[in-house]
């Protein structure tokens, strides 16, 4: 059943864990074959402005993007830590569910100093594919958009 | 069953999500018809001092209070983000359960800068009413009490 | 069943809650009779360096350690708040499971000012013992290691 709570919690646990260990291949595996990934300031979303900081409307574009971030991060060494709050069921259309989950991302530098990097809300549409839950559409609504190095970190 | 883990996690997911989207009507709907809502510094609680920052001993008082906060926030524009940790079962008296859950609330301003606003612990008594879990008594114990704009933000 | 999701979530909820209320006896009760508890910078772990900030390879050593921390905290009064993210199943070997969970710890001082204290990842091996899930091996990988008062706080 797609709306199985444990499977949903696992999906979000995997999402944060794979990003934080830098396992981008594994992370890509959480998205459906046809997927969309958007990062935008919450304020743009509220006002209906379409412009996002990142917009990937296919898996190929998402793969390209994550490889570029990976490259950029060779020169900006830090460690991320995602703390994702309890997922909230927004809608259940049978074959697809809508989930929202709040998050905070912390970044630590090579000196071992940790800072809050960004907070926001995941607004996701999830389907079942290839035997597991996958993100069909993931929208990362950012509370924090005044961050210089923002684009170098997957959220 | 009132002690159903998924339903409890959902209740806390809803609680934070409704506050962060500003859906105060929905948020009020998470409280029982007879309810109590208290916000107090952890230190007062520890010393047995009754004084709280907010004390609402009926739903009508809680409704008034939330409307006042809403009004105040027109002049203090910011976005909250609740990240609530795993709920912990403290007691199960059959018709009523006691749950504690830690939380961190972040606030972002119109410039897109996010800051830790407060941390604390929810100490709650929960009943089943009108087909769902509801807060009979919610006590918000604040670690952070040195915050000037505190009273303008529901926690 | 040892891989029961609700029991795992409960274990982590208990872990953070007992530390934050200073119930160190209860906290020790979450460890198996034979256990190991290590706190080390993430970077050391990544490079295969064994040196940790705390290394307790038996329950007796862990008990000693926690009593020392307790003593030290009489002179460094603060309150901790653990916000632990969704646990992630890494491996299931039947009698033992491997779980990872991200965390953020906040510290509040007597003035009521809260700060981010540390972030990191719990990398744990868990067994079933005495009717409950217990930590057989708990490794706390710290993103944050530039903290003067670090050793005085259990993580």
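Per-chain residue numbering starts at 1, and chain names A, B and C are given in the order in which the chains are listed.
Criterion: a contact is a pair of C-beta atoms (placed from the backbone, for glycine too) under 8 Å apart; a residue touches a chain by one contact, two chains touch by 3 or more.
The structure presented is a predicted model; accordingly, all values stated were derived computationally and were not measured.
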item: Topology of the chain contact graph, where touching chains are joined (line, ring, star, complete, other); value: complete
item: Degree value of the rotation bringing subunit B onto subunit C, based on Cα positions, nearest 5; value: 120
item: CA centroid of subunit A to CA centroid of subunit B, Å; value: 26
item: In subunit B, residues with contacts to at least two other chains; value: 9, 83-85, 104, 116
item: In the complex, subunit C residues that touch subunit B; value: 6, 9-10, 12-14, 16-17, 20, 79, 81-86, 104, 106, 108, 111-116
item: Residues of subunit C that touch subunit A when the two form their complex; value: 5, 9, 41-43, 83-89, 100-104, 116, 118-121, 142-147
